[in-house]
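Structures for review follow.
Two complexes follow with chain A in common, the first pairing it with chain B and the second with chain C.
The block that comes next holds the complex of A and B.
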């Protein structure tokens, strides 16, 4: 036996202990919120990030498995919005018929996220709530002005992605994302320079919203108007992360280059 | 503090398996240490490299990033379940015939990833294969022969279906 249980938790071959925790499997959103109200609790669905973080030493006393909450897996057409359940997997987003019809540019962009194993296990909600600098879900949703719909013990709370508004404190469960649908809105996305920088551009009328991932601790957004030098968008942002993966000046410069390239003829705009 | 044991029931290579697991127990450890299915390898242990890939309900899955209880009710295939009465699966045959491995450590994961692709798409394009197989990492042989092996596996399977 290479693995053994100790008071420190299950020891995997990486020799990083996963601390013991209590598992709760709620049957409803209300039960999930109640369980998550306990001290040091976390929701888990696909589990990709949580397992990795726990191997890295993060500890939770309670994990609340929400993967069985089927009401959070539904995609529905609400006319001027598409509502996508937070438990929808990346794979379901990239293959969903309703999303293909109503938000084809988003579907095409989402198809580039992660690899097939990640896309089949990972969820929309997990991508957002992981709050990882390198995750692109919020970059795309932010430029589109999507609404992040949370349920809390005191009712529904909506956060508009891309505004910098903080996400609600726990216990709050992200149940769905409402994405505006507009015939004159175009979306393009370039993550060819990941993990240095990823850039999304959403154009509506004579205004384009640019979202930047990877280059900061969380996605940043700015807008430019038609006629402005698109490369000048770089100057709209604060200093980028400077590390061996990519220097701040290079990341900043590439934001402008990629944005200008997409605005000059990117697919989807 | 420790959570209560969780009762897990799933099917592994067609056989029903029932056992108690700790909430923090990882599925690859169940496979290797409790079910003696050591064909599934562990490399990065972070869900990144894909050496531990198995098929869960038809989906290629990193078993090192899966709590055991997440497999409740699942139909699971591992590399041990591919050969049939000593006859290699077309994907296994294609990997052998194309020398699509060197040290072989990534091979079970590569084969399971390819198996999941061909189960979904019996005739994938080369671009589809490249995109799909990009999920797993081989650190020694390079990818060209692996891509060719998956193309060949699809062809072998088509031949078998046509016979």
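The block that comes next holds the complex of A and C.
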């Protein structure tokens, strides 16, 4: 159930019972920002999470449908970075030729995200902005030090993923993600224990960044240097979520196991 | 089939399903598609508390909301028999005195739109007196546990035969007990070894894609209800009782059903939809969300204590067992599931003594009910796990120990029962050979396990009727109460009819079920259709055919023995006589319809424990190969080989679909998280968080082998199929895990965390 309507009880809405809203279809990023500046407005693209939240009782006066903004679907090679439009679907990341050439490890890792239905409709931006504990897009982007590029009414704002920096105040539109490309950078990702824990490792030189998903309310990151006991990375993190879905001790232990395994020669490292 | 049987033309062919095109092109009509002008939409207010007394409820403001035409609270139940259930009538249409789980229905609104209904529900004021909760079997049985029902609800204990019995309220929150005993209770004393083990079984949700849904309207004083329902005739009977309404003035119609897996039996959405329709005098659609499905029905979690006595040479002697099923908040079908779980716990082995009890324990969680496998899944998990434990303890190969003790073909399951109708050893050897069991390299993280899934099939004392109509031009209508729920029965039944009438398959139509004119059937469940209903269909077809042949013989002035039916012509020697011409010559240009009625029911037999002998036995042989990650506990399923016995496959493709589908469903309970409760709160009761196997989860080494051993009791030698291959999956995997790492897991699901904990335990001093 996604809603606790009143003290009287729970109500489960179907799509037909979501709160009414005004739908705006902007023709440009500028129009999108303008529409989103209205009170109680939200962007919508793939709609997977937003509609789910609306079924749970969340209400928006205005939905700004940005799915038609083709400039946010472009992947471009910027030399030392690959820029992926925020509206790029998981499927397009999984199959994109440029991504295959420039960031093959990321493409391989992204292939494990979501089921086929979600991969077709869900977008890169939606995965990041949904802020769901079980969503792993930000785990990967965080360890890679990706730049989340927002456009606001006052210009571009960049947030480095994985630093814990706050996202810009709305209205701000995530338009693209710039991912650094480096010949000596390796990436590995293990989602085999999802929904209990997922671990991404990005190694550059003698330093590795470890990102952890599912085990906390939002992704957590830490670094480890060559020569350190990789399993000890577990101790770098706070207490994990402890519930019947997965115990804190197990989640924590698995962070070390999976990270050590990947650093010892896992795929992509 | 015997050697003189004529060759089959339609039966045995893997025709594309007759519902394939409408379903794959989106033109098939399901209950969710049913709509009427002026139709209202129902929504339900559900309890936020797991256990509470309903001290006050005020829906005045809701009734005044725009678009609202009817509101139900307990005040609208007056004059009804407002509770329903199978053996025990304990579940109210909406809460009367208490709510008993999170999600229990408290009130319902019918409005012109779903949004208006939701907004009205938000205006309802309810006062609760929160009560202590019991969320698990053991706490619910404790002496100090709060009782879900202080007073005994109305209910019955059915008659049982030799060795079996039932009882109610034998302890706190114990709503039903089934017991079965045979042989000498002193048998354990003569055993060389006695093994006692405790197994825990987790709880799945059916996850049918079409939700619980019905559309009800009043046509005069006739209740007209479209329902996604597996047992429309018992539903009609129950609705007649609940609403004090004549049965002949209740019409249940069932279009295609978007799966059910057992959940869509008996009352679900129908009482609320009907009551709202009666109050509003408008058609009312009540379609649950997927989240509401999770709060409406689930499988039974279970604790199973199993004690088995064997001789030093491995001969099985005695088994006793006590099963406790988590029934959730209402009894629903728990007594029936208890019968089956208890009755199936022995497995298909030779025993001298059995003593089994199965209790249904009420808890403050989602009501549990029928689920594919129907108690056999729980029983097979414990039984087949323990057989491997015994084998390893005796130093015996688990395959050999099973082969030594399995029932023989035709041997009675227990005294008074029918004989098993499959060669069990042949089936087990088949999957063992296919997976390479005898050449396996056990240990070092990799291993194989076997299991024999088993259940009685065909229901208990189950009657079925069918009617065949054949038109002037040879169009054939098959009317029977088996619903097309995704299993392909429409195709299979039509093939039987086409074969018997020597007609092409596309001349057989299978009209949608309507209780006003479809002949009675007890329900689409228990893997019964291809035997129980198919016998009625066969009889109806042959009777209709006989009428045609007698008519034709009269027209041709010859005996029936001199002619043959050949695709709606009569062949007499080398002459062919089209039937349409003969029919119109005799009956006139408007034509005629030949009809035949069929009926089947096993005889009452007091020597049989369940009062009738089992019609057919269903088996699923399973073999698994796993690789266990000792550092994470992750079980990587490398191979899964399953096999069922169709006797004679009416349609091999349909049979294969059933075997493979049920095996993959078995994976859910084995390796996926299942329903996770934090106390009485369901944590993953939605489509995003609840994981079921995807196509990508199916191992490369997944193989299903369809056997046609030819011993089935149904038409052409068919026998029950559709549930068997899910039964061995969990225990085969657990047995493979022990083969791989020497660790026995006794609790499902086999999550990495649980497996790793067991590895840790085994390594701790």
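Operating definition for what follows: the second predicted complex is superposed on the first by the 253 of 269 C-alpha atoms of A that agree within 3 Å, B and C clash if a C-alpha of one lies under 4 Å from a C-alpha of the other, contacts with A are read in each partner's own complex, and residues count from 1 in each chain.
One rule holds in what follows: a residue touches a chain if its C-beta (ideal position, glycine included) is under 8 Å from a C-beta of that chain, and two chains touch if they have at least 3 such contacts.
What you see is a predicted model, and the numbers here were worked out from it, not measured in a lab.
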Partner chain in contact with A:121 - chain B first, chain C second, else both or neither: first
First (chain B), second (chain C), both or neither touched by A:22: first
Contacts of A:163 with chain B and chain C, given as first, second, both or neither: neither
First, second, both or neither for A:67, with chain B first and chain C second: first
Contacts of A:52 with chain B and chain C, given as first, second, both or neither: both
Partner chain(s) touched by A:226 [first = chain B, second = chain C, both, neither]: neither
Partner chain in contact with A:192 - chain B first, chain C second, else both or neither: second
Set intersection of chain A contacts, chain C complex versus chain B complex: 1-2, 5, 9-10, 12-14, 16, 18-20, 52, 55, 115-116
Interfacial residue positions of chain A with respect to chain B in the complex: 1-3, 5, 9-10, 12-14, 16, 18-23, 47-48, 51-52, 54-55, 61, 63, 65, 67, 91, 115-118, 120-121
Chain A contact footprint on chain C (complex, rising order): 41, 43-48, 102-103, 106-107, 113-115, 117-118, 121-122, 124-126, 287-289, 291-292, 295, 631-632, 634, 673, 676-678, 683-686, 688-689, 691, 694, 752-753, 756-757
Touch list for chain A against partner chain C, complex: 1-2, 4-14, 16-20, 52, 55, 115-116, 134, 192-193, 195-196, 243-247, 250, 254, 257-258, 261
In the complex, chain B residues that touch chain A: 1-4, 6, 22-26, 29, 32-33, 42, 45-47, 50, 53, 59-62, 64-67, 69-70, 113, 131-132, 134-135
